[in-house]
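Report on one structure; see the data block that follows.
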């Protein structure tokens, strides 16, 4: 069983420092409480992956790759393709990540990204069906945290979406009952563009997109997300601590505003065919 | 969601009178059963039923941390395992911990740590085990509610009890305390846990989507249910401790 | 590799106390050496399991659930269904149980129950065949120790038998080559009713169904069982220590008598269709 | 029983003269081969054949317990692993420990602990490894018999040697030292190990069923075989130690 | 070889002008890209491209060995993990370490230990992580070359840098720095790593077969490529350290 | 992650002793630097294995067994049988081997033997095809180190080859689409006979086939092999340390000579049908 990591003395000193700055609407790296770090999105760097994206948010770097296979659908959804999200907190990203199978943090990251994609219907799974009940496209969306300077949630979702949006998936057809590549490629059409923003709370103050020093000093944190229609698509309290109920109203507004900011940035970089995005 | 491979979606989850599939009003909890001290060999235990959901929680400790290098000089460590029996769900759950169980163990542990006075037991360990006997929606919230009772039953000092329930959106309506069918076929399921004395949230997740305004109303609906559950918890504990003879207290 | 647990000093003091009492035909909880603890059997508590039983023997509590699937038979037994027994010593049952995959004790428990069921032919596996060589019923009998106050063997077998006897298994038929539920249910007919009794030995004296304090202080223990025809259906020495050969004759008689007592209790509670039971 | 997927049941396992499928009388052991000191790098070792069953055992220790927190202040810990090579059985055994191997490691260890003077080596560990090279029935009893010889070969002080064999019921007859076919197609297989000096049972299991009266006779039959094996064990050890020059002893 | 399930063998791997499938001469390296300090949170890091092969390496330490019982009184321990992302190869690599990755972690670690002054950091640990982002032949040699740069970037004292490349035999010709297709369809692939200052080999493996005389020539060809890579490594490091302001050095 | 084992003080004293002897062309056990230990090969000891060999090289003992199954070929090689090599460093072989899944040393051993067999084309895999694309023979070659007195590489390869050469594989035929044993047996015809020699280096001196005391004291070691045509078929540097480039020329000659010596010994013991062996 996993344990909540021990907070060291530095964290407690840093907490006071960050809190004092927050009272003046400032942060240790010069940002204001509701400022995101700079986001950089690169896609198509890899040729063996069917889709890939390297996203940095400040110093935090995430590499996502997608591999596509053809296989059987789930019995209860015979006409839908499937996808799986994995996340690995690579030990080269942080002294606090251990080699080995994903621990609870990696699993939480994968499942939070998975829910954001799945529940907001980002990918139209029916378009990933080859032969109903028999052959569908299976997407493996694998997220690797390469450099961890706090908040791996938001850039992981961005990189998963960027890899999806720019993927070139080999098109198959059925020849003599067996799937064969046609030589053509297609990109999955995205039906929604959900993004998340990680929020950290100290006392009754909050900041967003914490860098690592901040993250370690927070009283509590949560990840929230909305899609382009203003739906909440993600909520995950992801640390011990209490969130004052009265703070939630304000946080929801900030998150909606900031995910819109991420979305504009994303659409500048990535040509998304998304009918409903304004 | 593993459950319900077999059962097809009912035509309507909310009928013309605003009643839910099991006859409840939108803001109505399922029948609740709570009991503490149900196991003999753990230091504290509790059993909870939220409708068809049945959960046991047990607590061991404070005891010596093991292996010793995990011990902390200034507080107890808190271990937590949320686990389901293989037969608690529609399709047999394979043995071993699924990714879902590992995630839920984390969020339950983080909620419990928030209210437990761990610093009173330096170098010790407190182990919390939640076992889902039957899953009919809301197992993590039932488990967390039970775990909080089991901690109290074990005499571990806490700043507050934790009460939890889920709210969700079903056929466009916000409803309280989803059962499995509503969870499976509804639009959103949002488990919420609070420490009512502090008016604070200690667990919060969302599976699905709802409008921002709905989210706000859902949170208020959750709080209503949580307050009812919290009242039951305190009654159960009061009853238990009043049953003890003066010497035992 | 597992180790035999260390005996503590208390165990040694308790051993002398228990032994002194045994010399007067007494025990620490007021029982006589050959007395079982009270047995309580509840079935049908769960609706998602195809069969279930909660059995307590004193404070020891066992929950067994059965799930049934349709799958392929073993190649060498094409006309027989199959069953698997698993046992988990849940960490909530005892401070001495660890979370994680079953250790040697859980495996021993599962295999002892499995042998009792299998070798005495409790379930007529031929009646669990749907299509010879292709589709059979597969029963997963999963035993969970919920509260461990000594001797998890005897109540585990009782709960497995109670769950089996009261199971409502969905009946399938083959439609277009695929198994489909008919909407009907059947209960497996039991062909035998084997029970076990755990025996503890101190010096040249013995007691049965030890509670935990006794179990920890025993010189040696074994589990033996008989069916309703007086066949030995289980023997398992399950701890270090020596059993005087000369004691076995007496033990066998006691076990036969006591499993009969359990059987009578079981038949009072559970309506078993068992032609051969007198 | 993994073995024998291929070989069909012979029509009769006992012929009209009361002879078994391999020509033995019911109370006759298979040819036995025993050797000690067969490996160079362990502290003690033994090789045993019971007919087609071939087993090696090796012992390391007493040595420092590792990891150290397992060490006991008042006695040595005894580790034991019973393991089969992948090609020892009819169908290839997958790599890794099966549940059967884990159970048998337990019962063999518990038998060995019963006669080993562990308290002479506080804080130490003694490791016993049993490797089944070929399985033709009775591998646990051959393994335990070999392990006991390997402990003696390693000079570990023991209250007695352990000798073991199986008895069983085949076509209604009680027979000694079952081979694989008898085990597979017989009615019962009962491995028994004793410490003959103490006239006590140190391992006992039953796979199958037999009448209570048969069980009593089976135990007596096992004891007969065990005494024969015990004699061979002592001869092998006597031979070994008499071969050593006085300086080595 | 997991790669290339799909791509059929080209008719010729060496054309009539002695050019290779990607236009290179037999003794020509692919385009190389090297960068150090590419990650912020590790103590040292490097990124290398050998053609389509893309590798990152990062170093942590010297830091306290963990768990502590692994610490050595007279030197640092060196951990090394060579790992591939799931999408680095043709067929998706399953999560977890394959046997190949475990073997390569060993040979890379053993090469690095050979030149690192571990005895300067008693009781410490140095952790080296090599992550293959894309595999197009020569991932272990690229990984080792990058790991050596990352150690230097972390300021760990070393007797020499390690430079590595593969040589092989393709359509009967000895070639330098195989790409994936040459590796897959060639006769032999031989990864070689050297500590050039000592004129010594620190990693050497062979996959395939070649005549003894070819082996000798292949080793010389590897050394030629290694010297080129070594030169680039030193330039990259020189550039990095010259960029630092005097105070930082 | 695995660690390079710690060298103890004894190793360092022994190193100097071995080196002094090497300067006089001597070794601690009386061998000369390029002397192999005595090799003993026994085959056919086991009846449940389809092939088996027990090989000792000095006190190092290796048991290899082969089991054959019928199964599907790899999709990209539809007309070839397959083989798999596993190696276990059994804990009874050495105080330094731990029970549990193969560690990096066992994996390295298996992979080095696998490459020697595979890359030199020892087994003609096309002859192990039953029905193209559907059914082929699958050979499991499982190597167990029983007694480890240094250098498990060379005797492991010898035992794998001896087990292969003397295997009696049940011949199958396809009856009604299913593989059935014909009752006949065949031995795989070997197309090559590669052997390896482990070389240890101290300073600028070398020795071959180190026994354990030597192996622990070496500066560096490698395993090299050649086949009967003088091809290099194996090279594996298998320990930390530097090999002077200038030493390689000489080593290659010695290895070629010594593998020939092993090959002659092997052919004396094992009747190999190998057209090309002189």
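Residue numbering begins at 1 within each chain, and the chains themselves are lettered A, B, C, D, E and F in the order written.
Keep this in mind: a residue touches a chain if its C-beta (ideal position, glycine included) is under 8 Å from a C-beta of that chain, and two chains touch if they have at least 3 such contacts.
All figures in this text were calculated on a predicted structure; none of them were measured in a lab.
When the partners of chain A are compared with those of chain F, the chains appearing in both lists are E.
Of all chains, the one whose mean C-alpha position sits at the greatest distance from that of chain C is E. Centroids of chain A and chain B (each the mean of its C-alpha atoms) stand 27 Å apart.
Distance from the chain B centre to the chain C centre is 31 Å, each centre being the mean of its Cα atoms. Separating the CA-averaged centres of chain C and chain F is a span of 48 Å. If you average the Cα atoms of chain A and of chain D, the two centres end up 57 Å apart.
Among the residues of chain A, those touching two or more other chains are numbered 1, 99. Across the assembly, chain D contributes 81 as residues in contact with two or more other chains.
Arrangement of the chains shown, judged by which pairs touch: one closed cycle in which each chain has exactly two touching partners.
Here the chains make one closed ring, and walking it from chain A through chain E gives A, E, F, D, C, B.
The touching residues of chain E, when paired with chain A in their complex, are 6, 39-42, 45, 52, 54, 56-58, 60, 63, 81, 83, 85-90, 92, 95-96, 127, 129, 131, 133-136.
Considering their complex, residues 46-50, 52, 59, 61, 63, 65-67, 69, 86, 88, 90-95, 99, 101-102, 140, 142, 144, 146-149, 181, 212 of chain C touch chain B. Considering their complex, residues 5, 70, 72, 77-81, 99-100, 102-103, 105-107, 109-111, 113-114, 188, 190, 194-195, 198-212, 214-216, 219, 223 of chain E touch chain F.
Note for the complex: chain C touches chain D at residues 1-4, 6, 75-76, 104-105, 107-108, 110-111, 115, 119-120, 222, 226-227, 230-246, 248-249, 252, 256.
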